[in-house]
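This structure is in structure tokens; I'll ask about it shortly.
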Amino acid sequence: MDKEIYTELIMEHYKKPRNFGKILKADAEYSDANPLCGDEIKVYINFSNKKIKEIKFIGNGCAISQASASMLTDYVKGKDLEFVKKLDKDDVLKLLGIDLSFNRLKCALLPLKAIKMAVYSYFSK
Amino acid sequence: MDKEIYTELIMEHYKKPRNFGKILKADAEYSDANPLCGDEIKVYINFSNKKIKEIKFIGNGCAISQASASMLTDYVKGKDLEFVKKLDKDDVLKLLGIDLSFNRLKCALLPLKAIKMAVYSYFSK
Amino acid sequence: MSMQKYIKDFPILKRKVNGKKLVYLDSAATSQKPIQVIKAITDFYMNHNANIHRALHTLSEEATIAYEQAREKVAAFINAESTEEIIFVRNTTEALNFASFGLRDMIKKDDKILTTTMEHHSNLIPWQQLAKMKKAKLDFVDFDKNGYLDMKMFDKKVNDAKIVAVTQASNVLGTINPIKKIAEKAKQSGSIIVVDGAQSVPHMTVDVQELQIDMLGFSGHKMLGPTGIGVLYARKELLEKMQPVLFGSDMIKYVSLSDAEWNDLPYKFEYGTSHIAGAIGLGAAIDYLTQIRMKEIRKHDIELTRYALKKVGKIATIYGPKKAEDRSGLIAFNLANIHPHDIAAILNQDGIAIRSGHHCAMPLHERLKISASARASFYLYNTKKEIDLLLKSLQRVKEIFS
Amino acid sequence: MSMQKYIKDFPILKRKVNGKKLVYLDSAATSQKPIQVIKAITDFYMNHNANIHRALHTLSEEATIAYEQAREKVAAFINAESTEEIIFVRNTTEALNFASFGLRDMIKKDDKILTTTMEHHSNLIPWQQLAKMKKAKLDFVDFDKNGYLDMKMFDKKVNDAKIVAVTQASNVLGTINPIKKIAEKAKQSGSIIVVDGAQSVPHMTVDVQELQIDMLGFSGHKMLGPTGIGVLYARKELLEKMQPVLFGSDMIKYVSLSDAEWNDLPYKFEYGTSHIAGAIGLGAAIDYLTQIRMKEIRKHDIELTRYALKKVGKIATIYGPKKAEDRSGLIAFNLANIHPHDIAAILNQDGIAIRSGHHCAMPLHERLKISASARASFYLYNTKKEIDLLLKSLQRVKEIFS
């Protein structure tokens, strides 16, 4: 499985990530880091009607984490708390279209964790 | 070698230790313990002319440590600092007339250590 | 006996000592290791050795998975709610030190820490030192003449205790303490209950949720596992409140020159490169024990202890409860007017390994008014026949010293 | 090359990864183990396993002797004056934590602790925390654009430093720091010099007396030894002044219910059952290294590093000194616009194991204005041919990301 992780899809999202950038005065923000490898991400979200209206991220990481952030931010647009809550590892892998090793999974999951935390923080206010 | 440590000599000294008891107001005293097995000893010494005039011990321990204390206290009577300083493991084993394993050696050497410390404390005053 | 078939798994038991077949009766100090555990360690070093968590290469991947699987095995073994509650440490002593350290901010001047007079030094000194540091009070529950904890005294003293630290099984008296009752009362008083599981976890089913234990420490080397690895279990809520004791590497999320942010659980408490092979070996030991079933091991312990109480009890003073059911698999004893060292040394001539001394429980020995004792302790690989050999050798000791 | 003949001693190097022969270039994270070390561990568990120091039976005797012999080997290896100065710990991180803990009573408000910007977290956070606790100052010596410590800055800052904590070899820049000079200056200023030997002790002769080091920490697992064992060396005089960090068992001379008296050195700092098999395995590793001779290992490191600097330097940015003689056996590097994780993942497809990330040196990476780097590190079992394979694979990475 190691062979097929640098697919065209991944490389495309890595080279041209969707939703890359900041939102000034966002409704919710969350930064996280993967302490073991130094990957960092910050997610910004604006809501409307309890749904994600706008989402952006900045960060620093490998092809996998960047592609994951790019695809996930697209995927959650227009979605609500319930939807985000239910997202898990398998959804991320399905989006990415690849299989990942245990340690590498952390790269792919960092954006999901950051999105979840940003959403939770908004709804627990 | 394990076989021959409970010799007649050892058993005799163990059953009737020489110099067992306290000296009230001794010139020097020293207590020590073997933390790993719970053996304890206290040595009392009176000096005259920089030589050991009288020496006694109390304590609690196995046949080897008691026999060692009994023989050693006899052996150092009338001796001076230089003599005591030079005493080592081999002297103790020669006195005891047996060979001992690494861990058991500690039992035999506890009295020597206590005697040395008592003598040093006297001469460093 | 039904355990007989496992003896062949322990290579060391084929060994001779002083020309006699080894009779190993010192498992309470450290247990022997089955070939399955030894092979797990060897396999790691021969085929998968790498540092964990940090690298993306295959070896590191394999090592990380094996290490985290070991954590899962430990969590399942004591029925922890989550692997986040399992901290790998060096041994029971370290686990209990981390516990006392971690709880230090909850203790103020004049607070009470309650423990017992039957503790191993490892569950005494950390609390002594904490009490000293905080000017808190250290109080003790005593045991009765049969070696049972005085539960009336406990009931009285637990009321205002902030921490209750108690051993589940005494390594000298053998007493198994009623942890569930103790924990319930501790809960009612709002105290945190810390349990020394060094002698219990290897020998019986210990379910931290059922027993309502807040913190538990135990050692791999006493439960068929390797040296250098142990476990601190603590409820997540407590771990989250606790400050880490030692600092570095994996336990860090972010570091600048001036400050650091701790990592998530359980990594917050694991510093530097872990004892990876040790955790994996412990995992293999747990597999082995689980396959035999802890209930069977406990039954075997009781059977041997009952036999030993009866046989050895005829010529020696045995400390602790008279009922084998109330005891873990060991007996500490004395022969009149013979020092335990001499017993141990003569038994060793016959190939029998027991311990002599105070077994790191000085206050307990003082309480019994003895300076030392001899101790024979059992595990699944021991047999009644070995207890017969012990008895025969003890009789020889008596002859030599008569 | 003259090291070739030792490769066969490392069973794991015969292994395949993703269908390719393993090329292990991650020894700075943890080294592989020769069969001699694995056998020493197995032999202990199969033939001599027992708890140490406490019992009089033959197994315990054998285990105790083997454990203490390992201590003697360590003492001889770093030329300590006495075995009392050798404390067995878990790893470098623990050693440096014990150092900072042990020295805490010597640090007062506004005292200065001096370290560098190239430290591994393990030699940064303990001092950070100590400074915080005591409201002391933590100051840093920086490195220049070639990765050398700024010795002028050091000379200026050392004057009023109470403690100087510095790594002997950087695990990222590779820089070997002039410890002897640093220690001499530290001595003149009356400061205590603590050295992180994690990357130096496995790779070169380290003589604590010649270098005038007060305290030194290193890990067994990085020098062919097992996991879970490391060493804190400290001068006896310092150890005598220091309070123990953690409490229990062997470190005790006398315990009552209310107080305890510490044992003699080195036991004062070893709590609970030691990692006996680990110490014995480390002893076997030291035997192995000594037989090859550290000078030869150093030579081999330099040769490989020189070759790697030349070859890999053509396509990658390598951090640290340009001269192989001033470096330990590793290179950390980046390929333009490619994240180190991706480098590592693609190299792994070719069976090559390297590390990517910040290598537990975040401040150093920030200082270099990078968030991560890739690192290839060498040991006696690596060859120039493997560096050629590394280069080939790196070229493939560039193609994939072009």
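By written order: A, B, C and D. Residues from 1 in each chain.
Methods note: contacts are C-beta pairs under 8 Å (C-beta built on N, C-alpha and C of every residue); 3 or more make two chains touch, one makes a residue touch a chain.
Not measured: the values here are computed from a predicted model.
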B-C or B-D, whichever has more C-beta pairs in contact: B-C
Centre distance in Å when chain A and chain D are each reduced to the mean of their C-alpha atoms: 37
Centroid distance [mean C-alpha coordinates] between chain B and chain A, Å: 75
Rounded Å distance, chain B centre to chain D centre (Cα mean): 44
For chain C, residues that touch 2 or more chains besides their own: 18, 54-56, 58, 60, 252, 254, 341, 345, 348, 356-357, 362
Interface hub residues of chain B, defined as touching at least two other chains: 2, 36-37, 104
Chain pairs in mutual contact under the definition given at the outset: A-C, A-D, B-C, B-D, C-D
Touching residues (chain side chain A, partner chain D) in the complex: 2-3, 5-6, 11, 36-40, 60-65, 104, 107
Chain C-facing residues of chain D, complex: 11-12, 15, 17-18, 22, 24, 26, 29-30, 32-33, 37-38, 41-42, 45-51, 54-60, 90-94, 96-97, 117, 120-122, 124-126, 128-129, 138, 140, 219, 221, 226-230, 246-249, 252, 254-260, 271-278, 341, 344-345, 347-348, 352-357, 359-360, 362-363, 366
Chain A partner contacts - residues on chain D that touch it in the complex: 18, 339-342, 345-346, 348-349, 356-358, 362, 365, 371-372, 400-401
Interfacial residue positions of chain C with respect to chain A in the complex: 53-56, 58, 60-61, 64-65, 68, 250, 252-254, 263
Residues of chain A touching chain C in the complex: 2, 33, 35-37, 101-104
